[in-house]
Every structure is written in structure tokens, then in C-alpha cells.
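Each chain gets a letter, A, B, C and D, in the order it is written, and its residues are counted from 1.
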Amino acid sequence: MTAPPAATPAAPALVLDGVAKSFGPVVALRSGSLTLRPGSIHALIGENGAGKSTLVKIIAGLYQRDAGTFEYLGEPVDFGTTAESKGAGIAVIYQEPTLFPDLSVTENVFMGRQPTLSLGRIDKRAMRAEVVALFEQLGVHVDPDRPTRGLSIADQQLVEIAKAMSLDAKVLVMDEPTAALSGVEVERLFGVARALRDEGRALLFISHRFDEVFDLCDTVTVMRDGEYISTSAIADTTVDRLVREMVGRDVTDLFPKTVAPVGDVLLEVEGLTRTGVFHDVSFEVRAGEIVALAGLVGAGRSEIARAAFGVDPYDAGTVTVAGRRLAGGDPAAAMRQGLALIPEDRRRQGAVLDSGIARNVTLTIRDRLTRAGVLTSAAENASAREWAARFEVRAPSLDTLAGTLSGGNQQKVVIAKWLATEPRVLIVDEPTRGIDVGTKSEVHRLLSDLAGQGLAILMISSELPEVLGMADRVLVVHEGRITANLTREEATPEAVMYAATHDVEVAR
Amino acid sequence: MASTTLTPTTSRTYRDFQRPRWQRMLLTREMAVVAALIGVIAFASVAVDNFASSITYTYLFLDVAAILLIALPMTLVIVTGEIDLSVASVVGLSSVLTGTLYQAGLPFAVAALLAIAAGAVAGAINGFLVTVVGLPSLAVTIGTLALFRGLAVGLLGTTAITDFPDSWRDLVTNKIPGTPVPAIIVLVVVLAIVFGWLLHFTPFGRGIFAIGQSKEAAHFSGVRVGRTKLILFILSGTVAALAGIYYTLRYGSARGDNATGLELSVVAAVLLGGVSIFGGRGALHGPIAGALLIGAMASALRLASVTSDVINVITGTLLILSVVSPSLLAWAQSRRARRRGKKEGEDPASADPRPAQAADATVARRSTMGEEEQ
Amino acid sequence: SSGDSGSESSESAGGGGGDSMSDANLAITFLPKNLGNAYFDTSNSVGGASAIEEFGGTYEEVGPAEATPDSQVSFINTATQQGVGALVVSANDPAAICDALNEARDAGVKVVTYDSDTNAECRDIFINQATAEGIAQVQVDMIAEQIGDAGQIAILSASANATNQNAWIEMMEEILAADHPDIELVETVYGDDDDQTSFDKTAALLQTYPDLKGIISPTTVGISAAARYLSTSDAKGEVAITGLGTPNQMREYVEDGTVTEFALWNPADLGYLAAYAAKALIEGEITGAEGDTFEAGELGSYEVGADGTVLLGEPYRFNADNIGDFDF
Amino acid sequence: MTLTDAPDRAATSSLGARALALVKQREVGVLAAFILVVAVTTAKNPNFLFSNDGFRDLLVTPSLLMLIAVGQAMVIITRNVDLSVGSVMGLTAYLVGTVFVDMPWLPWPLVFLIGLAFGGLLGLINGAIVAFAKVPSLVVTLGTLYAFRGINVMWTGSDRINASDMPRDFLDLGTSAIWRIPIITIIALVVLAAAGWYMTTQRGGREFYAMGSDPDAATLYGLNVRRRLITAFVVSGALAGLAGVLYAARYGTVNSQVGSGYELQAVGAAVIGGVAIFGGSGTVFGAAIGAFLLMTINRSLPVLGVQDFWQQAVVGALIIGAIVLDSLAARRQERTLAKERERSHG
């Protein structure tokens, strides 16, 4: 727990008051208020769709507020573009990484403000040198000259952070920077953040992980439904209170794990190999079991899951579902066998953002909804309505575009879409990444219910508490190899972290 | 799987659609084009001599039939976010093949069937290069545009094959008894129904839209992206070959340079019909109206002795307007919203939501209430 | 230009449509292979227009931008709908526009073809600028004279399907084979009556056949493009160019010595005669049967020959001595 | 320090390696193909390269397309396309012709400025519509392709500009040369050099790539997307205009159909030259070489005895072959990246 260092609160660096923003019919922000002070790390928390990112984008000048006041360094400001806010000394790390895949990491960091020589020629050496220094400070191991295409989400996020740091800004806004990161990177990021705070900069930190908020921040502001709820010093608040303010009700325990009777093997992966990504991966998941795939980011867990489901090819090995061997590289076939994958990147892989909620939910079961060769919207809506209601998706109508939903609500739609296929084996990749506590505990309860109904569940998660709280067994992946297979009892944080960082088989 | 997964704390209710039915039906790009079509015909009927005669419609249909045919599969292709610029060359190729095979002594029907098969193969080549080799269709079909045209011209050289069996020629050009409508339109209508069903009322069609909106998400959802596109390119080639046979029969002459440049007319019709070039949005009746609109204007202007070139200017302008107008509207609306917002921003007592959003506000409110209840 | 002629005659054409049932509907529409072609410019808006002015009809010129038959059909259909008196066409394809023409004739429109004929059964009369034999002969004679009756020659034609060019080329090949054993026709290339294509094809010819002695281009676009290329190339003076061209386009090349001699009939006369033939048909003075005769203004009287063909005359040779006397 | 030195050096070396590989894959590959074509054709017929005319045509004929392809490449790199270039070229060529006819007193070098300005203006129309209405450029420029051509034909009618209407020394530009390098080619090369310099060393140029790579991210960055977009289209238009002027000088006759069909050739040239059709990668040099290859193939086929009619087919096959090779090369690069990632993670 770090207490705010400055005894006398400095003059606010940035003040938002009663800020509102809506997109056509959707009210994203009703009255957002926020006060950032130099030398402080300020947490902003709230449910999915509370309006956090919208507030951030208004600060950045990407959106223009419909109402309210916005003061920066005591002056009322009105940023028209992100360039203006950048120029004024506000650096923003957005929730979704925004890199140019074809350009080198270095160019990405400096795009638009490259150091120049005579005749406006770009000084490539200077750029590279600075990036190398930055990466060293952040402990990032990415080749500054490689294109960012193909970087893992984690690596992308790290580049984003480096980019923001390099701006040397007075105000640094971070919208869920840790969502894709795991222990090591998070610690490094926090180190840098604290250093910046001590230099007297103002930081805004958005996260759904309370341990992080309490570990890093000194002040916390809560939002709900686009409205300002409260601001308090971390020292004099508690998780329960924050949760109540966020959700508007008490949340019963986060990991409602109920041990279900374990049945026979439903998913069996044998010697699965994809050169360059993972090697000789073998494991099995039984009915009623929740098996976690733990490990550091970049270990290759998502790749294993993707290959097993068939969206990625693999070079060797077999995948068997309920005794039937799957033909590789064919998701449709896998689905017919009762296999489902809730992917890691919901915006690109999970949901069709330009498509309505109903179309999204029924995309996986469209064949089943077809009657006499005809598929109607009526049929789709009927089936989608049920699912939307079951998950309390926050939207006015079934043709609301998935792209306009908040992260959490998008995730709900994606989960619904896959449960609609009535799978026997469910693979979930980072099921609660960027999801608020309320929804999170719902998802957890949902997972153990499903296990209780005899589904076999393979859960990939970078959140250790989640892994330990939910899993019956923990498989640890390190650099594309399974290095441990731990029972619920064996699975202590130490054991998992050890296996996640060492090649040797610790258990079995 | 039992539906007891999540016992909902509240049963939230959803409207099916944000806008009432008539709005969704009528306030669309497609309908705008249909309206324009009706407007043009109405105006020309009174203002242009000889337009209001039934023969006008016969010629109109004969002129646009080929474009209509090709526009059907092209719409599906473009909805997936791809494009096929080689269609006009396939028309030429199939025309030449029909001619040469027929001249070689095959019965016309057989020659035509072989030509259609060749069209399917041509489409398959495009599809293979796009889906299996993974090349951008714009580049690929610019290549096959030249390739297929070259084959057509090369096969026939200077000669143009003529004198096809009148029985067949009449089959496409003769009017349906009692109407000014030429027989070929029957084929157009049948295919329009088939493709309309395929695009709007089948799982396959849903897949097409999903691919156009997010290739990756579609792939993750078990949509067979490659196979779908391959099928569409094959359909595109096949129908183009069909159009080639129509061309041959209508003009009674098989030439390598038949339908040169037709691909742009087709694309123009499809885009004018409100299909997004980026894929993911569009409806089949739009392109049909678009093709007819261009044809009707052309015929009206020719009748008014306006030179052919004005038609191009108008087509081009329409095309631009059809894409610009929505964003202009959106821009105007946002401007209004901003101004309203700013005004309220001034006086402090305006934290509460504006009447304009009351409706949505209540939706959001109801939800939180629900959560507070238990 | 056709732009104004179109607009100016639009209402008059409408009028023509109005009384199209009356037997003296002298609304005559010219439909060239394509617009923007100097040759047709002269034949239609100079020759045809002046003739029609003389006998008080209404002149109109419509046409496609590119020389394709399918685009011509649309214009023929339109003329049919407008119920013009007569249609004067230069066919881009002998068969492809047949049906459309016959529909027009069924609707009472007289059809005159000129410059490039269709199948005989699709029109009333064909105004032949010169017999194919005559045209082929004069071109072979000119090239033979210019290259000393020996060596390699090539032909730069219009589009590969052009009826009249193909007919002439066929005949030239026969004549060459028969009377000029020492002249070798190495290749026939097609410039599609497009300046740039013809220009580049000429370049290709000169490189492909270093020993090339001469080029025959039986099309006005081709010969001027070829002459233009030759005039700036080393081969100038080495390679002879002849064929069919208009004096205005060829003047500078004759003057700078690139071209010695080329031939053409007077396109203005061709259009003029076609217009009068149309008039004669409209007024029922002739039917297009062999032996019919009609008056063609200042050109005098003409007789319809075998299968409805009227012959304008023999091609005329232009060279440095006489080119100054012509302006078309 | 030593800690970072090692990866640092590794990175630089791998940079050199990749840069080399990159060049290997694209520009150089196309250049090799070009040289091969010239070599083979010359072997068959020395005049193709060694006669004065042959050498001149070898350089001049592709120059017009090259100008347009360079502009096209800059537009494509921003993930747009300009289909109106052919029409712009035609319209400008006719404007230039009429200028000569109507104001013979005008010093002819001025028409270059007129052509550039007019072409740029037409490009500005495209760019403004695309940038401000945020609509797909393919649709907009397909529209202006029709509109500009239509205006051209309406204006020209069946009229035409003949060589005799233009000043001799202007026409001489089409053929005259400095040290045997034709003036037209020199102009084209200067333009190419300028464009290449801008695209590689200037912020603006790099932002073209950024926009093409991910337009949304470009907005998030606060890059002035609108301005860059308009710039790209204005340049493309201006170069098409310049090509129009040079067309008039080279071919001497201008009718209403000048430049029709150039749009697809230009896109084809860019694609052959390794410019990714979806933006973000490729270079103007590649596009330029692509243009040379395309036109030279066209001219060498008759020399190689391929019959006139089959040429188009061969060109088509060539375009496809080029992009297939290109994608195979790209795959290879992907694989090397994957290996590097393994190393960096190992």
C-alpha cells in the first residue's frame, strides 16, 4: 500500500466536471467528473459501460463533449484532435492497442513527431537510440526494427506504454493497460508509474483488478452508468465499499467454485505441435472439470487453444472430442463435435462489431435456426432475445451494433453466442479480461454451473487469483511447452509461477 | 444444455429493432435508388418524346439485361469485401467459345453449356488465387481481366462468328406475349430470386455478411470463409458466361471484344445500389434498381438526342452523390447535436439528460433499478 | 462538334418524330463508327450536313465514343423510337447491328450504310467510297512505286474486325501475290483506330523488321499516327508509308517528306452522296433495286449497282503537288 | 549496458538482413524481370535496345505510365485508389491542345504548369470528396472516371487536336534527348526521385504509410489524415495531368479518348511493383519499375513473334505471376519473423 506522498495537495492538473457525451441514441456519459493532481496516481473504476473509456477519449480530444467543463492546468480547454491534447502534454494509452502493423516498432513510437535533420529529413538513428533506451527502462524485449504486425497483444500493449512514456507528458492516462499483462510486466509497469508520480506527474489508471488499484493508486474515483459516484483516498476505503458503489449492490464472493463430479474424458489433446509457437502439447479435460491453462503472457496458450479448435493449423498431434478425432483446421467440424472457443480478442475474433446483437448471437447456430431452407430475422431475434436477457446485455434493442457496446457487454454477447451452440467442451481464453467485478463473478458462477452440468472446460487466464480460484487442475505453459500439471491442492501461487518460468517438469 | 445457466436477476426486455418497420423498409439507400428510378421514368414519360412507348421498355430491358445478370453475383462478392473486375472479359471469352464451338459443328446448346462451364472455371481461377493463394481480389481480377480478354481476342482474331440459329436468338430477344418484356428478363427474375434468397434468407448469406464485416470473427465462428468466397467467384464467372451467351445471341455475333469495359458499369450499378465497397452491407434490390436507373437515364437522354457522354457525367455524379449523401446527413445531425450540447454546457443546471435522450436514459435507468431491487 | 449538333437538332428530331407518319420525314441521322474521328467528322458534319441543308431536312449525328457494335445498336434503337426518316450508318460489325437495323426498317426507317457495309439484307443501300478492288489496287500501286517493287512491307490496319479494312487487306494480298512477287507482306498489325496504339504498333513494326521497306495503313487514324512516328525516327526516308489518309492530317508529313503519296476519296462527297441517297429512299424515288437512279445535288446523278451498292468513284491520290488544293 | 548491447547489435544486423531480404523480394525482383525481358528481346533482335529508335522507345514509352503509376502508388499506400487518372490525363491533354490552338502566343513551357495545376485541381476534387465525406475512394474515383471522361467527350465532341496545331519545339520534347536519354524520361525520373525522397525521409511520407497501415489508429494518433489524403490525390492528379501534357507532346494527336484504360494499367503497374493493394507497404520505385516492365513486355512480344492478339493475355498472366511471387516472398518474410519471435522469446 502506497500512501499519497505529497502532504499538501498540489493544484489540480486536470479537472472535468459534469461532462456528457452521447452517440446518437446511446448515452455514453451522463455527467462525468474527475480531478487529477500532480504527483498522484488516480484510479478510475466502474462497471463495463460505465463510461470510463469515453471519459478518457474526451480528455484525449478524440471525442468532443456535448456538455460540461474541462480545465487543464487551470485553463478551460477544448481539444479538437488528439494532436492538440498530445501537444498540451497529455499522453493516453487507449484500451485497445492502436499500432500500425506495417511499420517498425520504432516508427510506431515516434509516428507524427519524429526527430528531424535538415530539410525535414527524419533522424532514424536518434529515434532508434531513444527507443532502445526506453525498452531497457521498461524491460521490454522486442526488436525495435521489426514491424508490429504479429506482436502478441501483450507485446503490443508494452509498445503502447513505451509510446506514452516517450511523450514525457504532464498527465498520463492509462485505460486498462494491465488487462493483457501478467505479473512480471505489471510490476515493471507499476515501477515506472511510481517513478513518474514521484517526478510530479499526474497519472490516471483504469483497471478492473482491485489488487492493482490498491497496490498502485492513492486516490480512486467510481463511476456508474456514465455518472460520477464518488472520489476517495485509497487509504480510507475498502474493496467492498468500492464494489457496492460500482455495482449498486453487494457482490457475493468472486470465485463461487463448486466442485462437480468428474466424468469421462471429453477433450483429449495428444502431442500437439506448431513449430515456432508450441511443442508436443498433451493434456485431457474430463466432464465436470475446469482445467486452467496458466502461464506468462506470450507463452503460447492462446495458440494452443486456437489450434485445438481449428482456427489455426498445427503441424503434428491429434485433438479428440468425446472419442471422435477432429480434422485439423476446421472450426465448423469442431463445433459439430461440441467444441466451442471463446477467443481472447473479443473485438477482432469474438464479436462482429458492425453487426447487431441478434446476428452475433445466432451466427454460430444459423444452420439450426433455418426452417425449410429459409432463415428469418424473426427466428434469430426470438433465439437471441432469450440469451440477451439471460446475460443482462445492456442495450435498448437486438439490432444494437455490437461495436457500440462496452467491453463487458460485448463479452457477454460473445459468451452467449458460444453457449448457444450447446457445447460439450468449452475453451475460454481470458474470459474476464477487462470485465468488471459484477460481470466477472457472474461469468465465474456461469463457468462452475456449466461444469456442474457436465461440460468440460479449459480456461486460459493470466490472472493468478482466477486460476487458483476456479480451476480443478492447473496446466502451466512455458514457452510453448506444458511444464506442470497441478491438482487444485498442489496449485499454490509459488508452484504455478515457478513452473511458468522454468523448463523443468515440476509435477508428475 | 439446460437453460438454468444463469438465473437472470431481472428479465430485461428488448425491442427487436431500434426503428419501426416502415422506417427500416423505406428509409434506406436502396429505396432512395428505387425512388430515383421511378422519378426518372415518370419525368421522362412526360418530358421526352417517344419515351412513354412500350418499345422503350423492350430496348431498356435488352440493354441492361447483361448488367443485371452480372450484378447479381457481383453484389454477393462485394458484400464479402472482395471484387471481381474480370466479369466483362469472361463475357467476351464465353461469347467467343460459344461461337467457335458452334462453328466447329457442335449443337448450339452444347456449345453454350461448354462456354458456361468455361466461365465457371474462369471464376474458379479467380477464387483459387484469392482464397487459396490469398491474394487481394482487386489485383487478381485486374490480372485476369487482361488474361481472359486476351484469350478471347486471341482465339478469334479478326473473324467475328455470325449466323447463330434464329430459334435460339428469338428465345432471348422475343417479347413475352402481351408484354413489352423480352424473354431474357425471365432468366434475370429467376436468378434474382435465387440470389436474393441466397443472400438474405440462408445461413450461407449470413456467413457472407459476417465475412464482409469481420473476416476473422467469421472464421472464429465456424464460417468457412475460403469456401464461401470460392463459391461466389465461381458463381460470378458462371453468370458472366451466361451473360456472354446472351450477348452473342442478342447481337448475333461472337467477338473477342464483346462487352469491353462492362465491368465498370456493373460495379457502378452495384455501388449505386447502396452496397458498401468495404463489404458487410447491402441488399440485392439496390443493385437491380441501380442498373435499371442507369439504363433508363441513358435511354431517356439518347431519346432527347443528348450525346452519350452526358450519361457518363450523370452516372458518375450519381455514384458520388449516392455515397456522399449519407455522410453529409450524419455530419449535419452531429453538428446540430453538438450545438445543442454546447448551449446546455454553458448553464450549470443542465447535468440531467436532454429530452432527446430521455428514451434511452430510461432504458439504462431501468437496468440499474433492476440491479438495485434484490 | 457533335455536341452542339446534338442539342440544336434535338427539338427538330422531336418534330421529325412527331410527323414521322408523313412520307416526307427528312430527319436524317448519321451514325459513324465512333465520334472524334476526323474522317467521319468531314463526311458527316461537312458533307452530310450541307447536303441535308440543301434539300431542307434535319441533320443529326450521334455515335459511341469507342468503335464497338453493341454501343451502335443502342443508337440505332433510339433512332427507331424517334421515327427518323433515315439512318446513315458506318458499321462496326457486319452482323451485330443487323437485327437492330432491320427493326428500324420495319418501323419505316430507311437505312443507308456508307464507308463500312453490313450484310446486304440489313440495309437499303450501301454507298461505296470506291470498289474494294480499286482501293486495294491504288494502295499496292503506291507502295510498289515508292519502294521500287521489292522488299518487305507490313500493314497497319484499324480494328481486327473492321469489315472494309479486312476486305481490302484480303484483296491487297491477292494482288501482291499475283503481280508483285518481290514484295513480301511480313505482318498485319491492328491499331484499333486509336492514335496511341497505332503509334506504338508502328514503332514495334520498325524494330521487329529492320529491313522493312514500307507500311500500308488503310485507315486515316493509322496512317497519320504511323507518319508521325516515322517523321521523328531514324527510319525516316528509309521506310515508305502510304495508305488512306485525309490531307489535313497528312499535310505536314507530306511537306517534310516523310510521306510521298497517299490516297483517299473525298469523305465530304461520301457523306453528301449518302445524304442524297437517304433522301431519295425517303421520298420513294428509289427502293435500292439495281438500276435505280437518283440526283445527288452538285455531284450529279448516280445509279444503284448490284446488291444495292452505289459507287462514289475511284480513290484520289494526294502528293506534294496537289495536297495544297484540299482542306478536309 | 552490456545487457542491452548484445540484443542491440543483434537487432541491427537482423535489420540489415531484413532490409536486404525486403529489397530482394520486391523492387529488385521486378527490376531483374525487366532486365531479363529486355535481354531476351534484344538477343532476338538487337534493334530493340541498340538502334537509336529502339533505345529511345524503350525509355520513352513507359515514362507516361510511370508518372501515373508513381502517383497511383502514393494513393494506394494510403489505402485508397485513384481510378480517375486515365480521365484526368485525357482531359488535361485536350486542355493543353486547346490552349495551343486558342493562344498560340503562349510560351509553351507554361503549359506544363497549366497541366500540373489542372490535373492537381481534378485530383483535389477527388481528395476533398474522399477526405471530407469520408467515403471509399474506389467509388468516388470510379464516379469521377465517368464524369471527367464524359466532360472530356462533351467538350471535344468529334473534334481533335493535330500535330500541326502545336508548336514544333513542344512536339520535339516527345523525341529529343539529352545524352541519349529522352527528355520525357528525364522528367519522369526527376518526379520519381522527388516522390521517393518524400516517401522515405519526410514525416508526411511516413504518415502516408501509417494511414494505409491502420486508418483508425492514424486518427487516434492525431495525424492530420485529411490533409495527407488530399495531398496524395492532388499529387496523383497532378502527375496524371503532367502525363497528359507529355502525351500531347509525344503522340501529337489528341482526341477524346486519350488515356482511357490507363487507370487499370497504373494499378497493375503498382501491384506488379510490390505495392500492397491494401496500403501500408510498397514503394514508388517498385511502381515505377512495374510500369517499365508492363510496357516493355507489351512492346517486346511482337518482336518475340507473339501474335498481336495474344499480347493482352500474356500481360494478364504477367500481372498474376508477379503478385503470386510477391505473396510467396511475403510468406517467407512472415516465417523469418516467426523464427525471430521464437528466438526473442527463447
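Everything that follows uses one rule, which is that a residue touches a chain if its C-beta (ideal position, glycine included) is under 8 Å from a C-beta of that chain, and two chains touch if they have at least 3 such contacts.
Predicted, not measured: the structure shown is a model, and the values here were computed from it.
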| item | value |
| --- | --- |
| Comparison of A-D and B-D (more C-beta pairs in contact) | B-D |
| From chain D, the most remote chain by mean C-alpha position | A |
| Between chain D and chain B, distance of the C-alpha-averaged centres to the nearest whole Å | 30 |
| Whole-Å gap separating chain A and chain D, where each centre is the average of the chain's CA atoms | 43 |
| Approximate Å spacing (C-alpha centroids) for the pair chain A, chain B | 39 |
| Chain C-chain D separation of Cα centroids, rounded to whole Å | 38 |
| For chain D, residues that touch 2 or more chains besides their own | 149, 153-154, 157, 256, 276, 309 |
| Multi-partner residues of chain C (at least 2 other chains) | 2-3, 35, 63, 65-66, 160, 190 |
| Overlap residues in chain B, where contacts from two or more other chains coincide | 153, 157, 256, 307-309 |
| Inter-chain touch pairs (all) | A-B, A-D, B-C, B-D, C-D |
| Residues on chain D engaged by chain A in the complex (per definition of touch) | 3-4, 7-8, 11-12, 14-15, 18, 201-203, 206-207, 209-210, 212-214, 216-224, 276, 280-281, 334, 337-342, 344-346 |
| Chain B-touching residues of chain D, taken from the complex the two chains share | 81, 129, 133-136, 138-140, 142-154, 157, 256, 264, 267-268, 271, 276-278, 307, 309-320, 323-324, 327 |
| Touch list for chain A against partner chain D, complex | 61-62, 81-86, 94, 98-103, 107, 111-112, 114, 116, 119-122, 132, 136, 141-147, 150, 276-277, 298, 479 |
| Chain B to chain C touching residues, read off their complex | 49-50, 53, 55-56, 59, 63, 153, 157-160, 162-163, 169, 173, 247, 250-253, 255-261, 298-299, 302-309 |
| Residues on chain B engaged by chain D in the complex (per definition of touch) | 85, 129, 133-136, 138-140, 142-151, 153-154, 157, 256, 264, 267-268, 271, 276-278, 307-320, 323-324, 327-328 |
